[in-house]
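Every chain is named by a letter (A, B, C, D, E, F, G and H) in the order it is written, and numbering of its residues begins at 1.
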């Protein structure tokens, strides 16, 4: 392992952090910077470091707009997605992998927006379906065609999280459930939706942490890699001959 | 209150228990005996007491079959519902009030059976719909007519309890959700289903305790009383003229 | 289902939301807008949409007074209930269905006020009884006549929530218990009252989410519908001939 | 402290245990033996030791009948209370201190029985009131005279534990609430009743551990000591002149 | 009950509240006003009402100093205890009943101060012992004489709450444990101290809600009443002849 | 939807169950029967029904060996995997999709065995790596080549579940974490491992329910479908040209 | 790392397990076998393997006596400690490091016995102090000399776990707290004692898992190694010159 | 005990606090002042008292910079560590005891900084290793030499806390795990990391409270004392001859 001829295990020591340079070789994407709790200077330093030492997209998540503006002023050529609170440099080329991001209520929007922003930045093709909560199940059924043609569905829901089970029962592709902290009282800040999704009767659904649109997008990316080890180099026609 | 001219506040002292004789006058049904933890002799004593002092149906819940046999041998004219584990004497006349008892999976059956047994014994008209969990939502939609013509729906579901939210969004009548302890791990012995149902996005659904088919039937009975204060004396035609 | 000849399954796609137009046909009331997390513009858009596409009352819940003022300036003919934080247009005609809203302590007032405001706006006849907590049980017993003549009782209580059990034992009509987050320490932000109400010894009581006066009013409305499928067209005398 | 001229801090080392011989001098009663997990030989050894080294009543709690029989065969002159599962030697003389042990349902009986057995054995005058749960509140009100003349009320209740709040509001004497594990589902094996009692709106009520009739009796004994430091030597007439 | 010849069950209806006028007759003290969530006007109204309709001390708890100043300006002759955040009118005469209020750390001070303020206002003789946490157990042992001469000990402790167990083992009088929310992490905002105190190995200790110095003082008052039904009229010499 | 020309929404009503015949068309596999709580007769009936109405593999999970023997005697041509407690008929042809099932300790074996059995039966190529818990991290690193060539890793771990995070950081393919109930005390029957896996610092890992080797295998199957929509018809060389 | 010239990273693959042969070089002791869930054959195989490949003591924990007898019959020269449920071969030579194992109640005995058995087998000098719970704090103070001369104290306590805080305040050496599941109700199967010990006011105490006498002994061993890197070769006089 | 000839049990009574003067004699360090909730005057008073009555380092933890400035202005010769929020007077001489403080992510920095600041102030030699979370395990392995030469490792980690298990498996010295509240959702404010560390598969690791860098440093100090009872007087060469 320590020979590291393929660069999988490189890292640097910046004092305040040890950027994992080898992550891109191991997982297909540079390490992604979590914004909260870092100074503008630290964010800027890490972004520059990954831009220099890796070749793929460089992302910073959960960045408020003022911080984003300061960072963008320091490191040019980046973009900021306000809804998804995401900073991005060197956006990835589009992979042939469709992710449907479905959310239950309008209040789940910010979490879905993070999933959309991250997924798009790392090359996934995203289709967004909002406000199809199960209290009006016909709204979901009306978009079942969109769901059926997705390669993976990210399902974002708070309150009781029931949307995930219904979607999990409709489609055969991977379903990544994202519980949100939307709700009050018995919702327990998202824990109820989390536990409900894990207890789902829809077999083979998987779950990520509460409010983590980021985690869902990354899970979809892993699936895209499994789907086509060299997907970035394939056209849609190459992968789906008919 | 202590004058109690209308018999609402009568009770007796049997030493081991204080049967609430006035409950029938206050709530339309004699006090119902909870079987577990009572000796055959205590059950027999209470049943005889309520048969003598009240005029409506006398029920004992959660009775295993051996105990039931012993009690029935002592107090004639009763019946035993094995699936619902219910002993009953003086079954009520049929009210003009339809309750649909819907359950998600076959493992939820015993809880639904208790709801059906109790509801039937106290005069509600029951329609039973089994195994319509949301992993195959079309099974539920196929019975939506049955749901729409019910006066109240009792929805029994374990695991994540999502069925209740979908039903609550489909129908406009009262929906009483009964979480069950069916499931494992993140289901937390029914607590997850309970909290999920309480957090439901379907407005106006109500919830009873885990595994309590009994509570759901009793809640439906209260609604039937609100629906028709003198329902027992009305025919269906009288109440629904067209 | 997709033929939808009776309008039960209509919806629109406004981009930021999919208003469930069919809900009025299915459940007797237009979809109700949850205020928090929505911009004034989104609230205004949804209200206008429901006013145009449905015919019943249009409500927005949990609206602070400044937002309410801005929305009312945009969409005329609405009213704002400050205590219940409710915006309403096209208030429903009075149904022949009496709901008693009972609360334990003065701190439970805001939750009770939401129940009162919503119930009134959707046509229920409301009777309000405040500050009858069980530490002075004679205060409750003194209003037992009011409770007995109600069609449904909404019982709002924080701390240990014991009021619900006592009320549930006094009356025979449906009792909807609303736990509140009033209290501290062992009250666990309302979870204790919630679990206590679900564990109640009063058979047939049902429970809604913590602090949800809204849910209780909606549950009462469902019961009113079960009570009189065409109640809006009936006078009190028609329904209760004697 | 280590001079211990008044015997408050004596103890012995039996190898398997260090009996606290000074407890009788500090607290008015010899250390009480908790039966579960001890061999008959260990119980016998401890009982003999306390009989020899102390002068007051010697008790062993939570003893099943077979073990009790074996121990009584070894150490004569003891008695066994089967309902309260208590072994006792040298029963205390009757103090002028009345404890009312009130319980909500018949299933709470064993916990109440332990409270009664221990309280009686250590000299308290006990009045037992069973099955006065709040679902039929008039049963409790009917015995309010008994409650009002008690020096302390022990209130035993499972499910939601509401009885304690009502009793705490009725009487002015100390109320010791004992939550029981009676119930299922949302009762969480007594934790709900425990938290509810701690959140009670009845000021000045205190709470002991779930199912601990023993703890309640001991708390009552401490109060009896506070009430009359030399109560054992006083007749009722001496303490309450008129 | 409704005859109420002895005034035990009186109450008034002020619209915003139903003051329990009979509480003084039942429990020896007028109802105590909980300050938070009430307007100055409501507090003033209730204080005046209790001053007019009852004869004992009138208290308002958890009042911040600005509110206190406004209320005192309206209703003269009251006093404000800043540490205990207590407003008081018609302070009670001193009863012959000593309460030791012991606290573990300096951070537990505010809770202890509330216990001291309330206990003093309602006539109990208070001895205050601060900062005797078990990490330096000799500090507690050094005051054991003070503890031994108390009629009741109120033990206030956060973190793990171990002080209560040690005190409970030292003295024979009633010990009322008050868990506080002092601590962080595993302390779970006082829940750990609460559960630990309830699980204590010191037999007969009782527990009140987290941070409730008020509840402890009220519990001590109930014990004082049990100790001497007519204590207010007795001198110390009368009660303790030697 | 109700036209169902492609057979996606078919189901039958067997009275005790409503087998979801359309699931195979929607998700690529017939509905899988959960064994516990069903009689031999019910299992036999469902197996025969799916064998007749669907064409893919028919599985029954969590079947003890005696039940398995009885069912196999009734329905020929099935096989039983004792370690994985799985009954299977019409085993699927091998897909070109490699799943590594990695487990932390020997006690996690039964959960891993269920994952292996189900995954194999539905056509996935499985590689099993046992006992590579992080207390000896070099054991895991020694098999990193096996991990790197997997299409998906199922990571089974109890206690603190740390193995999943390490694996999630090593590989770039999908990682499905399965917490197990192995452990005691602070492990809380698997809840700790579950929450830890959801909180993992390894981005894009997903989680299924405690002890559900079945769910992990089904999640892997969904990924295999996303990877190669017509994988069953492809050779390894067709899909991975180099 | 993979060169492993010092044997720190060796392991073998026995199929059912991967014994971590390098652990002895890294941590001073061979890997210890956890007995539950393993067959006699697996235990025997692992024991033989560690005896052959390592040179230090070989232990199997939590072995019931029948299994122990079977294993000892297969692998000679081992010993079985029934109280501590420990099998041991090649007991370690005595280190100059004294561990006091202190327990609160007799019911905590089995956990303390495991700590004693493991600590002794791996070379620690053990002093056992039983039944010094804080309800009779003088029993603990009487042995303070023993505590003060220990190099490390293992403190075993259930219920509220207060003993650990008192011990932690008395001595200056490392204190390892072991919560036990002894108790009921609010003890929550040891979770309360665990959280209380973690919240302790005694600075620098550390905690291990519930009921894990094993973990405490291993933690003490790590401290002994830190105390004297070559302690096994030192006499007491060499390390403590005077 | 009360003779206290060796000064172990001295304390003073300052009114607002009882400083434990004997702690230095018992545990090798003066009592450390917890800053939050104390006034500048109280902090100043305690610091002066300990400086006068004890001879070792005097510390105040969790002090914000403005308070620190005010205290330093009053009591000269102190220093303030901003990152660790620590005030210190009379810093201890360097002991021959190396503590490695390892942290998982940059967000865990403040907790690690407190551990570093306190450990340094009380004489431990500290080596700081940041940002070696297990998502890039090679970063940790690259510093294994530093870990192996430490006398004790303090491991600071939030989220799932997996770093502690890996470190615990690598080294043989004591490992003190500090869970942090870094994370969101399923992390439950650090409770998940806490429980995970307690459930760790790495034998003999111990755990302190969430976010308590202070507790970890104090635990390391206790180990240093066990390692060399007179370490402060020893040079490195004296203790490790070769």
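Keep in mind that, in the parts below, a residue touches a chain if its C-beta (ideal position, glycine included) is under 8 Å from a C-beta of that chain, and two chains touch if they have at least 3 such contacts.
All of these numbers come straight from a predicted model, not from anything done at the bench.
Here the chain-to-chain distance from chain A to chain H, counted in touching steps, is 1.
Using CA-based centroids throughout, the chain positioned farthest away from chain F is E.
We define each chain's centre as the mean of its Cα atoms; on that basis chain F and chain H are separated by 46 Å. Between the Cα centres of chain B and chain H there is a gap of 59 Å. Inter-chain centre distance (chain C to chain E, centres taken as mean C-alpha positions): 38 Å. Annotation for chain D: residues 1-2, 135-136, 141, 169-170, 185-188, 194, 198-199, 203, 209-210 touch two or more other chains. Residues 104-105, 133-137, 141, 159-162, 165-166, 168-170, 183, 185-188, 192-203 of chain F are the ones that touch chain H when the two sit in their complex. Taken in their complex, chain A has these residues touching chain C: 106-107, 109, 130-132, 135-136, 138-139, 141-142, 182, 184-188.
Only residues 1-2, 4, 9, 11, 16-18, 20, 22-23, 31, 34, 36-38, 42, 179, 181, 190-191, 194, 209-212 of chain D touch chain G when the two sit together in their complex. Of all the residues in chain B, the ones that touch chain C in their complex are 1, 26-28, 32, 141, 144, 151-152, 169-176, 194, 198-199, 203-210, 214-215, 217-223, 225-229, 240.
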